[in-house]
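Same chain, two partners: chain A is paired with chain B first, then with chain C.
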Partner chain A sequence: MDKKIKEKRRWKPSGRTLRNWVYAYIFLAPWLIGFFLLVAYTLERSFYFSRQIVAITPVGMVFIPHGFTNYADLMQHTFFIQNLVSFVIQSALQIPVIVSFALIIAILLNGKIRARGMFRAIFFLPVIIATGPVMNELTGIGAATVPAVNTAAIAGALSFLPPMVQSPVVSLFGQLIMILWNSGIQILIFLAALQKISVEQYEAAKIDGASGWECFWKITAPAIKPMVFLNAIYTVVWLATSGQNPVIDQIAFFMHSGFYGYGFASAAAFIYSGLVLLLLLVCFLILRTRKEKVPKLVKRLDKRNW
Partner chain B sequence: MKRCKMVTILLALAVTLGLLAACAGNGNGNGGGVTANLEVATQQPGAVAAPQGERQLPPMTTDNITLTFSIWHYVDIAEYLAERFMERHPNIRVEVLHFPGAGYYMDTLLAYAAAGELPDVFTFLDLTLPVNNGWFFDFTHFWHNDPDYHYLLESMQHLVYIDGRAMKLPEAILPQLVAVDRNVFNMLNVPMPRFDWYWDEMIDLMSSMTRPDLGIFSFNQFLGPVTWGPVVLNDALSEFGWDGERYNMYEWARYMNFEAEMERLGHRAMYGSDEWEALTGDRYLWPGISGRIAMQFDASWTWNNYWVRDFIRDQGIDMVPYAIPMGRDSVTNRRPAFTDFAAISAGTPHPREAYELLKWMTFSPEAWHYRNYMTPQLLNAAGDVIFHIPNRFPATNCPDVWADFRQLFPLDEPAWDYLMAASKEPVPLGGRHILGFGEWHRDEHAYGDWNGVIGIGNAIRAGVLDAFDAVHRMEETGRAAYEAALSRFRLMFGPPPAR
Partner chain C sequence: MNATLKMRFANRDRLKKLLFGNREKNGLLVSVVMYTLLISIGFIFLYPILHMFSISILTPQDLLDSSVRWIPRSLNFTNYRLAVITLDYFNTLWKNVQIALFPTLLQVVSTALAGYAFARYTFPLKRLWFAVLIFTFVIPPQITMVPTFVLYHNLGILGSLNAFLVPALLGQGFNSAIFILIFYNFHRQVPDSLIEAAEIDGAGHISSFFRISMPLAVPAIIVTLLFSFVWYWNETFLVNLFLGFGNTRDEGLTTLLLELTRFEDSYAPAITGAGMPPPDPVNEGIRMAGTMLSILPLGVLYLILQRHFVESVDKAGITGE
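Let's turn to the complex of A and B:
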């Protein structure tokens, strides 16, 4: 009997049953099919391109092996490196601002206010209309800036910083409206999370004499922490693929440039993807939920009760 | 009305026949003319001596075929020329592809190339993209056997070649020029310069016509002495003193410093400045139409704008076209001109016919006659004439084409005679014909780091750099960029042919 149990355990190291695995893969299937049908091959080709000089001749593509020279050249490309550093700094500044703003707005929109539906629609509207070329047009005419914010004065005050650092900080103030526009999805995710929290928990806490502030930190914050992580991940990806991102523009420029070409652009894209993955890893390390802590705490409490 | 149209058509036909008779006389490989022109061509770097003797092109197909031709601008003229080409060659259908916008044109061509549909004949605005992707068809064989080749302007003959291979022809030539405001000169009691003025006279006027009390500036410029000096003073083959293999940047440095000084001293009308707004009430009023500048350094396309805008003349602005003045010791008559080139796709299944279309769309005297006929008749969507005077100057040296062309300009203004006489040895700017120029210019002049200042041009204008201190570095990096681009060219097209 013991032997049988041990064998079963060996086949189920994670403690999940076959049914769990099947369900998991059914849910994963659309993504997996999409990845292998549409992404895997192009990813492989792109990596291949990045190690070639790619010429788009009138009779087809010509590949001239180039090793990892494109990567080495990019590491010495001043403007590319400058754009990458600016992107990291800008993301580090914008992610907390966007996520915090989205959380505050979500809490407000979750309250009992008049015309709540309309306000929710207003905050979500930019996600639908202010994308792609529309966004470019709007930023082009200065609609993404708050005229009252004197970015020149801020730039002057921060002139002691190197331009690579100063520029993203100033642009944060110059793009306050854009940050608001970039919060639509995050607000929606937070709203969903807030609505999942049981009202009874708040009622119980209130009976025990908890203030609203305490309720927020002891009930709301732990409940939505996974959503903070999710929103941070979403924001990184959103900013990384935004049409206003200069790195994306630069990669497109490399691609269409006669001098650089597809090979160089592919190498740039891989370096950029690596950096974005690194940012995601940082978000994960900072915001992940450590599950093991809860059982330990429960065990301690249980022992005390015994 | 109908009769009037008939008369016009008959006149056009008569002129065409006359022109053919006049310009086709030497076109059958006449030894004298060919040799004479070859001498000009082979003096230039990159040119290859054509075989002597009878020139004859292989026959064209009699099958029904379709050729595509792409252009970014002036599609009406291209379509009109395509129709005339189809009349001459009924078995060939020409499809004109119009990709508007200079900024998107090359990207669109790249997309077409990626789809395997690069037009059989295409104009291009940047040399690097077609070279690095191997788009050019090497038509040396046709060129060397073409009895008509000598109709191409002499100063353009060597530009047909890249590394010894005939690959491109000039599709549009737009001379740069100086617009001199007669009204301002009269107001200041300064005599107008002679039409055949010299370089030093223009330079003197640049620093002497400013009158701060009257709100008059000596000049405004799009391109100016720094671009022109090396060509008109040193007979260079392009800007930055390009001699075919390297840059000689002494004149560039001299006039870079000079222009920066002129700006600092306030001789140039700086639109966008507080001073300009205070003076004109419009911060972004283009100085060329402000009536406050003695000279506008510009190009032929601007002239049409002057011509069509009545309100400009109502303000008393009376611009007179002057050719860029030559240096007193200049040997040639070269002047910088904006030049677009056209080429044949390496993937065309009909190279012989594409070559004929390329000639037709570039320097063919007969086609130029049609251009001269059609240009003044083009109307925009509102029904207004587009070209009160033509922007593009002939790429052919045929005297009858030039005589026709002169008729399209005001006949009572002798300035045009001088300008036309000065426009027969145009030289293009670097980006269209010098390998590696675009990258070098971007990496050094525009974005090169000079002690923390981005852009050597900016550093000079800001007064933190003497242009002469940058000459050695610029010449070296320019040479390196050219060699790198030449290597890439040879990677795509193979080593140069034996000379």
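Let's turn to the complex of A and C:
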């Protein structure tokens, strides 16, 4: 008797809720299968490979347990480390340049100008056509840099810096156009955020005697700060997977080389991915926006769907 | 005396208004600075393309002549003819369309389904799967590259278009996570009452997806179609790795950009054909003609659908509502 009551009290989803769950998982099924097969499984395999020597023989792949020696070997691999370091330095230089440049353009485009559509179209064009092979060809004919920029002079002016820092800075100027070409999506994200700020807000501030400078810091800046974060993340992901990234080519080289093989390549990919995630974490720590205090009711309403 | 002073002040105000503007209108000074900046930055953005085009129409003699910089002495399109042959242009173009189009279509379906599940339903482990979705966006694809290669090999889909179709169908194509988030945003905006009304009228879960939510998500479908197409079209590395595997150059699937990276190697065999030495060695002009040709299809597409591309970021709801 007692038992029966207890069983009744235990919460059971109603038939309708249960049906909703079933349909949710039906809709989600392709993605879930894809995740398990193509992400979770391959990630696990990748980690397994990275601790083996993978030899390709006529009878198939042969695995020889190797512990973490691949990782240790990679740490000694001068060329790989050099590529990683230059990737980090270049990202650290390019992210601020791209994001701040995109912000300036977006602010210009947000002003009262004619032919905004045409300018937007020009700034967005590289998103469509800028790819690794095309960029390489353009760099080859010296179209990657503004003709007026004299890299030799810049190198001379910066000669007081250690070469480890100086050469990326010089190459930043040498590839200025190609770097700016990476800012199309970021410009539009900033522009979309800027256009969401209502004109009334500025007018009210002006009436209260705020200067343009104050308006920028008190109204515009808070509105676009989350977008700075978003754009920084997007830029990191973009640079990390771009076709011009030497680290990726090197991993592919390890993979196809008889000397290094799949195990070594997997370990390299793991180290590289760890580094990219670290970069993302740094961006997050620098640029995150503190959570605003949301009234409890709003929070509860928001939770309904979760 | 007083009148002249007043006049002077009025003139000064007018000048100030002209130069710095007021609330309704930009001043001349501000306008000049803004347009100068925009036009010069616009020129910088277009400079590589202009430069490329001008080199692509130079003859070898013009290339060597340092007095010819931008404008050729005679108009000639020999470079383009040679580049078309080297790239095997129309054949490659058709292959490239296949590579970009079919995975894109599957990707639209799979990402719309996943986005719908997240937007419409509350279900156990929803938060976990949502976090996983974000995670799949930030992990670099290189980390799973090696085992994916092995997996495709074991599944027997390496070296055919299936190596792109299967992940697209399973919602793990290029940048699928972004498209799922876009669909999530759109499906979420469909009011619950609309779905409930349809339910009362006897619509099931599947039919309310197809007949209510999807028609309302047309902008999201357009964004996904366009960007997925462009990203598949522009992929070089994975096409080479997965689709080129085990095929000779002629039978394997390839893209214009992949052929561009092989330009130097394929030039002589393509031009010579019958065993004659090529008329000219490959030069910058021919390479740039090839580069022009390789960006031409997407350039034309962009010219036609420019508005849809540019407005997509607004529509995708990235900036929140």
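Convention: the second predicted complex is superposed on the first by the 233 of 306 C-alpha atoms of A that agree within 3 Å, B and C clash if a C-alpha of one lies under 4 Å from a C-alpha of the other, contacts with A are read in each partner's own complex, and residues count from 1 in each chain.
The rule is simple: a residue touches a chain if its C-beta (ideal position, glycine included) is under 8 Å from a C-beta of that chain, and two chains touch if they have at least 3 such contacts.
Remember, it's a predicted structure, so these values are computed and weren't measured experimentally.
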For this session: Have a look at where A:Ser257 lands relative to chain B and chain C in the superposition and call it first, second, both or neither.
Result: first
For this session: Considering only touches as defined above, state whether A:Val237 meets chain B (first), chain C (second), both or neither.
Result: second
Problem set entry | Which partner reaches more residues of chain A (counting touched residues only), chain B or chain C | C
For this session: Would you sort A:Gln76 into first (chain B), second (chain C), both or neither based on which partner it touches?
Result: neither
Exercise. Of the two partner chains, chain B (first) and chain C (second), which one does A:Ser159 touch, if any: first, second, both, or neither?
Worked result: neither
Exercise. Should A:Arg120 be classified as contacting the first partner (chain B), the second (chain C), both, or neither?
Worked result: second
Problem set entry | Partner chain(s) touched by A:Val62 [first = chain B, second = chain C, both, neither] | first
For this session: Examine A:Leu138 and indicate which partner it touches, taking first as chain B and second as chain C; both and neither are also allowed.
Result: second
Exercise. Which holds for A:Ser273: it touches chain B only (first), chain C only (second), both, or neither?
Worked result: second
Exercise. What is the shared patch of chain A, the residues that chain B and chain C both contact?
Worked result: 61
Exercise. Which part of chain A faces chain B closely enough to touch in the complex?
Worked result: 53, 55-62, 64, 78-79, 256-259, 261
Exercise. Okay, in this complex, where on chain A does chain C touch?
Worked result: 19-21, 23-28, 30-35, 37-39, 41-43, 45-46, 49, 61, 105, 108-109, 111-113, 117, 119-129, 131-134, 136-138, 140-141, 143-144, 146, 176-178, 180-181, 185, 188-189, 191-193, 195-196, 203, 206, 227, 230, 233, 237, 240-241, 243, 248, 251-252, 255, 262, 265-266, 269-270, 272-273, 276-277, 280, 304-306
Problem set entry | Complex contacts: residues of chain C adjacent to chain A | 23, 25-26, 31, 34-35, 37-38, 41-42, 44-48, 51-52, 55, 110-111, 113-114, 116-118, 120-124, 126-127, 129, 132, 136-151, 167, 169-172, 176, 180, 188, 205, 209, 230, 234, 236-237, 241, 257-258, 260-261, 284, 287-288, 290-291, 294-295, 298-299, 301-302, 306-307, 309-310, 313-314, 318-319
For this session: Could you pull out which chain B residues touch chain A in their complex?
Result: 106-107, 110, 113-114, 116, 118, 126-135, 345-348, 438-439, 447, 449, 491-492
